[in-house]
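Below is one structure. I have some questions about it.
Labels run A, B and C following the written order; every chain starts at residue 1.
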Amino acid sequence: MLSVRDLAVSFNTRRGVVDAVRGISFDVSKGEILGVVGESGSGKSVTSYALMRILDAGGVIKAGEATYSGVDLRRAAERDMRDIRGREISMIFQNPRAALNPIRKVGHQIEDVLRHHARATRFDAREKAIAALEAVKINDASARYNAYPFELSGGMCQRIVCAIALACDPRLLIADEPTTGLDITTQKAVMDLVRDLIRERDMSSILITHDLGLAAQYCDRILVMKDGVIVEQGDPAQIFSDPQHPYSRKLVDATPRAGTDVRSLLPPQERGTMVTPKISDQPLLEVRNLTKTYMGKSGPVHAVKGISFKINEGQCVGLVGESGCGKSTTSEILVRLMDATSGEIIFDGEDIATAPARGFAGDARRADIQMVFQDATDSLNPRHSARQTIAEPLRRLGRMRGAELATRIEELATLVGLPLSLLDRFPHQLSGGQKARVGIARAVALEPRFLILDEPTAALDVSIQAVVLNLLVDLRIKLGLSYLFVSHDLHVVRLLCDHVIVMKDGEIVEQGAAQNVMSNPRSDYTKMLLAAAPAPPQRRKTN
Amino acid sequence: MTEVSQQQASKTRGNYDHILYVLRANPVTLIAFGMFALLIFSAVFGPMLVPYDPLATNASNALQPPSAAHWFGTDNVGRDVFSRVIVATRLDLSISVAAVALSFIVGSILGCVAGYWGGWLDIILNRFLDTIMAFPLFVLAMGIVAALGNTIENIIYATAIINMPFYARLVRAEVNIRRDAGFARAAKLAGNSDVRVLALHIFPNALPPMMVQVSLNLGWAILNAAGLSFIGLGVSPPTAEWGIMVAEGANFIVSGEWWLAVFPGLWLMIAVFTFNLLGDGLRDIVDPRKRT
Amino acid sequence: MLATSPRLRATGLRIVQAIPVVIGVVVISFLLTRALPGDPAVYFAGVAADADSIEQTRVAMGLDKPMAQQFLIYVGDLLQGDLGQSLSSGRSVAEDLAKRLPASLELTLTALLLAIAIAVPLGVLAATRPGTWVDHLCRVVVTAGVSLPTFFTGILLIYVFYYLLGIAPSPLGRLDFIYLDPDHVTGFYLIDAALMGDWETWRGAAKQLILPAGTLALFTLAPIARMTRAAMLSALSSDFIRTARAAGLSNRTVLFRYAFRNALLPVVTTLGMVFSFALGANVLVEKVFAWPGIGSYAVEALVVSDYAAVQGFVLAMALLFVALNLVIDLLYTAIDPRIGFSSK
C-alpha cells in the first residue's frame, strides 16, 4: 500500500544542512499497524511529515521514493497532494489541544474537511460532522459540535482530531505521538479507540511513538529508528525477546515493565550490583491529616483532603497519581515551599508544618529537606553555569568558600557522574541527562536526609531515564537518603520504591508495600491504573 | 530532530559566537552599532569640535544654502545649522537617557514587586498603570509639562512617566512567569530568601528583554522630547535642539529654504532609527527562539 | 447556549471595568490642574490678569477651599460638561473642543483606515513569503515608519508636494477658501460633502486631507504591520495549521480561515496602542498643517498659557481614548470565543 525506498530528508538550518532522515526503506501493507519507535532526534516524526509533504520551512526530501497506491508522493503536484491528504492519508498529532484551531467550533473544523473533499454539501455538512463525532464515540455529539477546543479535555480534543482525520475515510492513518501529555488512563482509551476504528474500517496505520511498550501493545510490526536510520524491524514479540541491534536491545532493556528491576534497565555491561538498602523502622517523616484548600475562580478547591502517611529512615516511598490528584501540591508542602491549610508534618520528631514556608529558607532544617525537580531545563537558572548551580546551596546554606567549595563541587560532580569538563557549561549547552545530573548534584550537595523526587525522569528519553534511575538508587545507598518519589507511572515507581501511595482527587486510595500494591491491588482505581499501563511482552530469559 | 547535532554544535560555540553570528547574518545591526558609536561621539566631543559657535548670530550671513563653509547652510539669523545640529545631540540624548533610566529603575522595582508577590500590590499597580495608559501618552506628557512648568527637567519627568508602564508591565510579566519556575524554587531550597531569589535569580533573567525595550524606548523618548519642544514645551529658543530647530525651520519650508528644517529633522530621524535598529538587533541576539 | 451567557457577562464586566479607569483619569487630570507650581489661580487667570481677576478666579474655581471639596466641585463641573473658560477664545472649553473635535477625528480615522488598509496586507504578505522582497520591504517600512518624527515627515511632504511639485494645496486648514464649508451634519467634511452631493467640495476637502492623513498613516502603519507579520508568523507555525494542512485543506482556507483569524486577535489588541500613538502624533500633525482640530487648539492654548484649555484638551483626549479602547475590547470579545472563560 505504502512503499518507502531510501527516503532521505534534510533541513537547511543556519548551522548548515542537517540530515534528519538518512535513507530509510519500509512498507506498510493493507490492514497493518506499523509502529515507528525512536527517542527524540531519531527522525521518526520528520519521516511522517515528509510522507505528507508538510515539512517545516527549510526541510526538503533529498532522495528516495515514497509510493502510495501507485502515486509518487515525492513528485506529485501540490494540488494532487491536497486531495491525498485527508482523503487517502491523514494524520493525528501530539498535543491535541494545540492541534485544533482555538477559535473555531470543532464541528465547523470537521465540516471544513468534509466540504473540501466534497464529502458533504452545505446542507448535510452538519449532519455528517455530527456523524463523524459519533464515530469517535463522543457522547452527545450534537452538543459537542458547537464546542470550542478550550472547553474540552485533552482526551476529548484528541477524539476530535481523530474525527477530523477519519472524516473522509482515509486508507492510511499516521498517528504522531498521539497520547503524549495525556494521562495514562486517557492514553489507553484513546489508543483503544484508534485501534478499533482502524480495524473496523480495515485501514492501515503508522503509529509513531517514543514508547516501545505502547508500540508493542498496539502494533503488528515495529521499526526502531535512531539518528535517521532504521536499525531494526520485526514483530513486537521478536523485538522484545531477541533484539538484534545493540540500540534496540538498549531500548528494550530500558523500557520498564513487569518483572524487571532497576538494574536490568541498563545494558548488561553497565549493571552494577544491587545492594539492599537499610531501612530503619523509625519514621523520619510522618504526615498527619494534611489538607490544602485554596480559592479558585469558582469557589474553594480542595487539592489535598486530609492525607496521612509515614516515611521511615532510609525508605523510598512512591507517590503515584494522575494529573490533578494533589501529588504535586503534597510535595510542595513537604518541601516547605507552600503552607498547608491544616495537618502536621513531623520531621525527625518536630512539626515543621508550623514553620511558615516563607521563612523556611533561613530555617536550620532547610538543608535536610531537598528536592529534585520535574523538568531539568526549567529548574536550572539559564544564566548560571553548572558549577554555579551546584555551588548555590553550598554557599548559602553550607557557608563554603574558596578551595573548600571548589573541591566539594568536583566531588559532587563525580558522585553524580557529571564529567568535570562540563562544569563551566550553561544549561543550554548540556544534554537532558546532563542537566538532570546537575539538578541531582545540587539537591544532594548538603547531604539532606529527605529528598523529594518530583517526576525527575518525566522529560527524559527512556535510555536516559534508565541511567538516572540507577544513579538515584546508588545515591540512596551511598548517602543513606530517604526518598519520596512522585510519579504518574506505577511501573517506574515500583522499580525504586519499597512502599507505594496511590492518590486520586486529593485522597489516598491505597497504600502498601510496592510488591503487594502492584501484584495485588485492592482499590479499583489502582487496578485501572495498572491495566492502563502498556504491557509489553515479557522478555525471554536469555542470560 | 536536529537537537542532537545542534547540541553538539552549541558545545563548541558560546554566547560570543552567537552574537557574531547575528551580526554576520544581519549586517544592518552592525551598521546600527557603528551609528550608535558616532552618536555617542558627537554627544561627548561634538561641542568641542564644531566649526562655529551654535549660538553666534550673523545677520549678514542669514539663510545661506548649504556650502563648503556651512555644510548645512545657515538659519534666519545666520547661525551655522551644522554646528547647531551636532551640539544638539548631547541635549537630546541626555534627555532621553535620563528619562529612560528613570523609568527603567522605577518600572523594574514596581514590576518586580507586583510580579513576584502578586495579590493586592499587583492589583493596585495594575490599576495605576491602566490609568496612565488610559491617556494617549504624548498628550499626557503635554499635560504634565504644561502643569509642572516648562523646563527641561519636567520634560524628563514627563517622558519617564509615560515610559514607565512599559517597563513595569514587561518586568511584571517576566518575573511572574519565572516566579514558580523550577530554578526559582530550587534557589529557595538552597537557602535564598524571597528578596534574594527575586533580585539574584529571577530579575537577571528578565534583563535581556528589558535591554531590547530600553533600546527601542530611547528612540521613542527622543521622538517624544523633540515633539514636545516642537510644540513649544521644554526647551526654549536660542538653545540648539532638534525639535525646536525643525519647528523654527518649518516657517521657511513653504518659501523653499528647506535646509533649516530638513537637517535637524534628518539627524533626529537617524538617531531614532539607530536606536530602533539596535533594538531589533538586540532582540535577535537575545531571542531564545532564534538560538535553539 | 453554552457560549452566550458567559460572554455577555464578560462584555458587561469589561464595560464595568472602564469605570475605575475613568475615575483614575479624572483624578489625574484634577491633579494636573492643581499641580501648577505656585498659585494655580495665577495661571488660570491668564497672563494679563491683575490681582483682582486672580482673586476672582480663585473664588470662581474654589481654590480657596480644601482639596477634597475642590475635587468634588471639579467632578460636579465635569458632570455638567463644564471644562472651564478658555482665556484666548473667551468661550467655554467644552464648546471649543466640541466644535473642533470632528476635524481631529476625521484626520485620525482617515489616517488609521489608510494605515490598516496598507499595513495588514503588507504584514500578511511578509509573513507568508519570509525572506522575499515583500518581507524586506515590510522590515524597512516598519523600522523607518517608527523612526520618522511625524512633524518632520509632514514638513518634508509639504516641501515635496507643495513647494517642489505644486500638486498639493497650501497646507492651511481643512478646505481652501474658494470652497464653502459643507453643511454641518457629522462635521466630517468628506461625509457632509458627499451627503450634499457636492463633489467639487469633496475633492477639495480630500486634497487638503491627503497629506496630513498620509503623514499620520506613515507613522501608525509601522506598529500594525509589525504586529500583523509577527502574529501571522506565529499563527502559521502553530500545530493546528499543520492539522489543517494534513487534512488537505486548500492554502486559501488554511491562510485565511485558520491562520488569519487567529492572527487578528493580537492585531486588534495592538490597535489600542496604535490609537494612543495616533492621537498623540495627531497634535503634531495638526500644528504642521494648521489643521483646525483640538490638537492645534491645545498647542495654541499652550503658547498663551491658557491652562484651562490645555487641561480640558488632555481630559477630553483621555476620555476619547478610553472609549476607543472599550470599543476595541468589545470587538475582541466578539471575535475570541475564549473570553469569559478562565482558561489558562
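Convention: a contact is a pair of C-beta atoms (placed from the backbone, for glycine too) under 8 Å apart; a residue touches a chain by one contact, two chains touch by 3 or more.
Quick caveat, the model's predicted, so the values are computed rather than measured.
**Student:** Quick check: which two chains are joined by the most contacting C-beta pairs?
**Tutor:** B-C
**Student:** Which chain is in the middle, if each chain's centre is the mean of its C-alpha atoms?
**Tutor:** Looking at where each chain's C-alpha mean falls, the closest to the middle is B.
**Student:** Express in whole angstrom the distance between the two chain centres, defined as the mean CA positions of chain B and chain C.
**Tutor:** Each chain's C-alpha centroid was found; their separation is 23 Å.
**Student:** So what's the Cα centroid distance for chain A and chain B, whole Å?
**Tutor:** So the centre of chain A lies 45 Å away from the centre of chain B.
**Student:** Centroid from C-alpha atoms only, then distance chain A to chain C, rounded to Å. What do you get?
**Tutor:** Result: the chain centres lie 50 Å from each other.
**Student:** Return the residues of chain C touching two or more other chains; collapse runs of consecutive numbers into ranges.
**Tutor:** Residues of chain C touching two or more partner chains: there are none.
**Student:** Give me the residues of chain A that touch two or more other chains.
**Tutor:** In chain A, no residue touches two or more other chains.
**Student:** Which chain A residues qualify as touching chain B in the complex?
**Tutor:** Contact set of chain A toward chain B: 11, 13-15, 18, 20, 40-43, 45-46, 227-228, 335, 337, 358, 360-362, 366-367, 369-371, 373-375, 378-384, 392-393, 396-397, 425, 428-429, 431, 439, 442-443.
**Student:** What does chain C use to touch chain A in their complex?
**Tutor:** Contacts found on chain C: 1-3, 130, 237-240, 242-250, 253, 257-258, 261-262, 265, 335-338, 341-343.
**Student:** With touch defined as at the start, can you tell me which chain B residues reach chain C in the complex?
**Tutor:** 127-128, 130-144, 146-149, 219-220, 223, 226-227, 230-233, 243, 246-247, 249-250, 253-256, 258, 261-262, 265-266, 268-269, 272-273, 276-277, 280
**Student:** List the residues on chain B that touch chain A in their complex, please.
**Tutor:** 1-7, 9-11, 14, 21, 25, 181-183, 185-194, 201, 204-205, 291-292
**Student:** So in the complex, which bits of chain A are touching chain C?
**Tutor:** Contact set of chain A toward chain C: 52, 54, 56-57, 81-87, 90-91, 93, 95, 98-105, 112-113, 116-117, 143, 146-148, 150-151, 161, 164-165, 167-168, 297-298.
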